[in-house]
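The two complexes that follow have chain A in common; it is paired with chain B in the first and with chain C in the second.
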Partner chain A sequence: MLRRIASAFADLGSRFHGGEEAPGTEEEPSDPVTDGGTPAAASGSKRPLRHRDWVRALPFWLPPFLLVLLFVYGAISWNFVISLTGWEGLGEPSYSQLDFDMYVQFFEQVYDGAVERLNGGDTQIAEYNAFVNTFKLLIVFTVVSLGVGLGLAVLIDRGIRLENTFRTIYLLPMALSFVVTAILWRWMYRFDGGVINELLTAVGLGAFTQNWLGDPQFKLYAVIFALTWQFSGYCMIVYLAGLRAIPDDHYEAARVDGASTLRMYWRVILPQLRASTTSAAVVLMVFGLKAFDFIFVIFGGATPGPSADIMPILMYREAFGRTNWAYGSAVATILFLMALGIIAPYLYTQYKRGDL
Partner chain B sequence: MLAGCLTGDDGGDDVEGVPDEPAEDEELELVHWWTAGGEEAALNDLLESFRNEYGYSGGDINNNPAPGGAGSAIDTAIQSRVSSGDPPSTFQIWPGGSLDPYTSEDLLNPINDVWTDEMDSAYLDGVKETARHDGDFVAVPLNIHRLNNLFYNVNVVEDAGIDVDGLSDGEDLLTAMETADSEGYIGMAHQTSSTWSTLQMWEMVFMAQNGVDAYRDVLDKNVSDHESALEESLQLVVDYSDYISPNSASVTWDEANQAVIDGDAAFLHQGDWAVGEYQTASGFDYGEDWDMVPFPGTGGVYAIVMDSFVMPTNNPSPTMTKQWLRQCGSIDGQETFNRTKGSIPPRTDVPTDDYPEFLQDQASDFSDSDEQVPSIAHGSGIDPDGKSQFEEIFSGFIESWNASETASRIVDEL
Partner chain C sequence: MSGTETPASGPGEPAEAVDPERERPQEEPSAEGRGLPVPGRRFALYTALVGLLVFYLLPLHSGIMTAFADQASGLPYAPPAPSDATLSNWQNGFDIVRSGMTNSFLFVIPATVLSAFLGSVAAFGLTKLSWRGQLGVLVLFVAGVFIPYQSVLVPLRQFWSTMALEGSLKLLASNLAFLPIVSGVLFSLGNHADLIELSVTHTAYGIPICTVLFRGYYFTIDDEILEAAQVDGASMFTVYRRIIFPLSKPMFAVTMIYQFTNIWNDLLFALILVEDSAQHVATQKLNETLGSFATDFSLVMAAAFAVAAPTIILYVLFGEQFAEGITGESA
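Let's look at the complex of A and B:
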């Protein structure tokens, strides 16, 4: 898609400078002799500015373009500027001294936490806990969701009966809001009488029942498990589309060569799903960064405790709990850069490969 | 339209006194978080009394709720509007510490002319203190919930052989919870899925064990003198945690309270908003099935949780705002509002004869109380920064249940 936009812009540029795509100019665009005069002069004389395509299209693309510029990129830039100030409280920010103090402060806290952690035991430093938990959540959530999604996709692709029904069932959780699923999971995770512990007891695994939301060892993983439930259906759909795009010949060829089912998937099918994996992983990671709602609801507020604290929650606490606007903005910017760090390499490889 | 923001005198925004006639060309924009059943009805009753008193129609009032439990959404909405100079006429806020970010930037008008002598003399000192900043009144407290309650299921307590009236401090309560536990009941219904319930419980324990003066010291962030007292009171809460609801980490306070109603749990420490659930439970009557004593060791104290309204500077409707605040501070307004809300009026001269029996008892306890102290967990006792620090520390406490580490963190960070 990016390439399409880029080529559209290039096109736009060439029209602006190079004028119309008259048959003559298309074949020999840089030859002024055949056309008589420079291209710019030629097009200018041929058609007045207000009749050109890009000018006539202005009312359609300019308003959304400006709105996005203001509300997305403008807001991101302003947030960044605020993070360079020392703004706190309900007064006006002062822009006289802009520096990276807030970022330094954040990473110092993370470092202090890491040192405390290395010296044995836990740390209560919120920045460290939030930073590490954010990574844990991103990685575990993404890997497990992809794994489960792939498994489901392969099973459904085996030509089972009621395929559409299963697809719907697996995809349905994604249609629910985090607020709904958080309340649902809070019920299921109950220590006494919750579905999870009851099920474990029923199948004879009573020894594995846990205080899922109370024990700091399990809190974050309980959240990750619930998120995985919600998003593995999405991975399944992405993989299923990938699987359907692989021609039947590949399966048949592998069979003829005597490959076992496992070997066929491992050596022939999986390598062809790389594009599906990257695109699903990017979406999952971005969702993982936004797990704010789920944690805010399941732990009834912005203090889920050190073991389940993540950066979006820390950002909210700093900004709206303590009116440390500059510090909250710095956390937000770091989060934004992390998201960008995930998406940028993906976009770049897609662009290189010409998939955009 | 308006002359300016700070006039410096009592008549903020150029309106002297509180006129009795309706203002022309003004609209009162009212931002609050009362959107749940009983709360919404209570606010509507108050609005009706306001319209009748000053002769306004419904079209003069822009009722603009910002729903979200206990003001979590209102903060984000109000803070940005007030700091950008576009405040509503008035908004709901906890009086006391929560006002600090606003008063430190002079964003609230002094409203000394709303507080007539007649109103002033009807409020108790501990409440008035939360409505003042630098000697000026800036808020009007509208309702009071009591926080230092210990509710109990009468049958459970009798069955376990616990003498509730004999509990004189936090240690006694621990013994009582042990007794209930050995009789097969949950000692105390309690939630730990979010932080505030444990924070408020510790506040009560600390006050019970160390007295009101030490507690006020903590509210003023003078914590370093009290480290060992902090640790001891936290340790007592850790000891309590052996006898709280097994489900505490995955229930809300009202879900936990169900165990008291069902006769599975002996005690509940909670603000008196918990009574709403008892009143709707069938066959569960005050005095016979459930009852309440002040949290052991806090007998003469009324720990207050309040809501108030304020007048931001740059006010879009100075006359109507003052009239509204006057109505919030009037006998008529407070009687109407609190009857439906299930709280008691801050004014001690409001007739409460037709209130439910429990609220009448609370109101008489209130007028007889020696001290009225605000709390950390409910925003009046400390500024938002301190509240947020306490919440963060306590979110760690309910994971680690480590009293000494938590005490030293409180001393280090406050």
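Let's look at the complex of A and C:
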């Protein structure tokens, strides 16, 4: 889809000159001399025509843009300023003294936790646990979902009957609220009479039954497993679009070379899916950060315990549970910077490739 | 998905039609094309597909079975024994979340319509007219899709409490008491102030993704149609209203289904913004139900399916559009 947009964009740049020159379009006819026709040249020229387009576009994009500017970027900036205060409790923030105390405090806690961890044993320091678990969740969830999604896409892409039905059902969990899926999985994971433990017992694997949501060893992975169930269908859809864009002769060429099916996918097909993988991975990481709702519901609040704590939960608990507003805002800013660390390189490469 | 999405796209979209040869071999199931020469393996393939089907449906299936059981005592994934089967959970579960669902409809529908509309006009201004500085604005829109909500929660709460919407609306209502109808409407709006806040908030955070979706679509609309309209002296507003808007209908379907699902399903903003328990929304109510009836799983399950019903129905009816919406996210 990105490539389609890109080529259309390049097109648009050149076409626009043609369009504007149509007789009678403009009150003051534009300069008939066309320039290069590339988007860069078009926006770079200083003719009144460009200015007019800018003015004419204004009423369309400006009102939505102002809303986004206020609610998204204004709020992020305000959040950063709040994180520099010492605001806590029921009063209003005082902006007279601003410093980075909250950030120092956060990273000191993470450091202390790491030291405790290195000295052997677990740590109860929430900042460290949340920090590490966030990375664990994002990485494992993304990798596993991509793998499962690719598997689904490859299976679906083999010219099967009822393709639509299979696809629809694999994608169905994505239409559900985290609140609903958390309730479903609480039922699945229940220790006594939960679906997973009952099924394990039924097939003679009773020894493997676990307290999936209670045992610190399994908590986070139980969450990741459920999230994978919910979002692998999304990866399937993205990969399926990628697979369908690969010409059939690539498959045939590989088969003529005598490559086995597995090798063909590994050597020939997978490299061509790199763009799908990148964009799906970026979106999955963002979904992973939104897993707040799921963890909040499945563990019955913002205290999932050290082994399933993640930074979005820590932020909510500090700010809205303990009214440590400034500290919560600092955690939120760190989260934002983490998200930015994922998005910025992605958007930049898209821009470099001309896909933006 | 590319094979089936084509009918959903509007007229004048040559970009969709570029690779008909590539799609054609796909239409008849051909194991050959995708490197599966042995017919015996088809059995393994379908076994895997059905196995996965069971995996994806199992949580939903066992949830439904539980909701039909009087006491969740039998096997959790099997239908309840006839003596145990009941419909009362569904009635009671729905009763518990009904007010929340009404509230959800009240705020989700305006937010869905508004964010889709604003996304559409923004995309029009950023696609069909080229001007300097466009890229900067566009980057801010696109990056807005990926913002973690945590990074705006504290300011959001501050912002809306400073606005004091409920108090202002009610004050205005009492000052306009000589206009009974206006005053009554304002008073009622004041009683739903939390929902208005939620609606505006979701509209603002939905605009980026809607803009991205519409932008992708507007590139496929042939500029010649617009040029022809401009030859006739039509203003940009007329072009939008007469040409772009009617052509956007399929994309409005995609965006609105996507937005409705997202906004309906959200819990976090509601937790922050909706304090008045009479205005609690569906996901909030459901979470509370889980809190207070944690031992009665049958009831909680039934309530969960009631809350999920609108999005499931939308998904069953418009699965194709939903898929198109979520793939647009990776733009």
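What we mean here is this: the second predicted complex is superposed on the first by the 304 of 356 C-alpha atoms of A that agree within 3 Å, B and C clash if a C-alpha of one lies under 4 Å from a C-alpha of the other, contacts with A are read in each partner's own complex, and residues count from 1 in each chain.
Assume a contact is a pair of C-beta atoms (placed from the backbone, for glycine too) under 8 Å apart; a residue touches a chain by one contact, two chains touch by 3 or more.
Quick caveat: nothing in here was measured; it's all calculated off a predicted structure.
Judged by the touch definition given at the top, the superposed model places A:211 against chain B, while chain C stays out of reach. Contact with chain C, but none with chain B, is seen for A:152 once the two complexes are overlaid on the shared chain. By the touch criterion stated above, A:293 is placed in contact with chain C alone, chain B being left untouched.
By the touch criterion defined above, A:193 reaches both chain B and chain C. In the superposed model, A:53 makes contact with chain C only, not with chain B.
In the superposition on chain A, no contact is made by A:277 with either chain B or chain C.
Residue contacts after overlaying the shared chain place A:349 against neither chain B nor chain C. Chain A is touched at more residues by one of its partners, and among chain B and chain C that partner is C.
When the two structures are aligned on the shared chain, A:109 is found in touch with neither chain B nor chain C. Applying the stated contact rule after C-alpha superposition, one finds that A:303 touches chain B and leaves chain C untouched.
Of the residues of chain A, those at positions 186-187, 190, 193-194, 300, 320 touch chain B in one of the two structures and chain C in the other.
Remark: chain A residues 89-92, 122, 124, 126, 186-187, 189-194, 211-216, 219, 298-307, 309, 317, 320-323 touch chain B in the complex. Of all residues in chain B, only 72, 75-76, 79, 82-83, 101-102, 104-105, 107, 192-196, 246-252, 384-385, 387-389, 391-396, 398-400, 405, 409 touch chain A in the complex they form. Interface residues of chain C, counted against chain A in their complex, comprise 1-4, 15, 22-23, 25-26, 28-31, 33-37, 45-46, 48-49, 52-53, 55-60, 62-63, 66, 72-73, 75-77, 118-119, 121-122, 124-127, 129-135, 137-156, 158-159, 201, 203-205, 207-208, 211, 215-216, 219-220, 223, 226-227, 230-231, 233, 236-237, 240, 261, 264-268, 271-272, 283, 286-287, 290-291, 294, 297, 300-301, 304-305, 307-308, 311-312, 314-316, 319, 322-323, 326-331.
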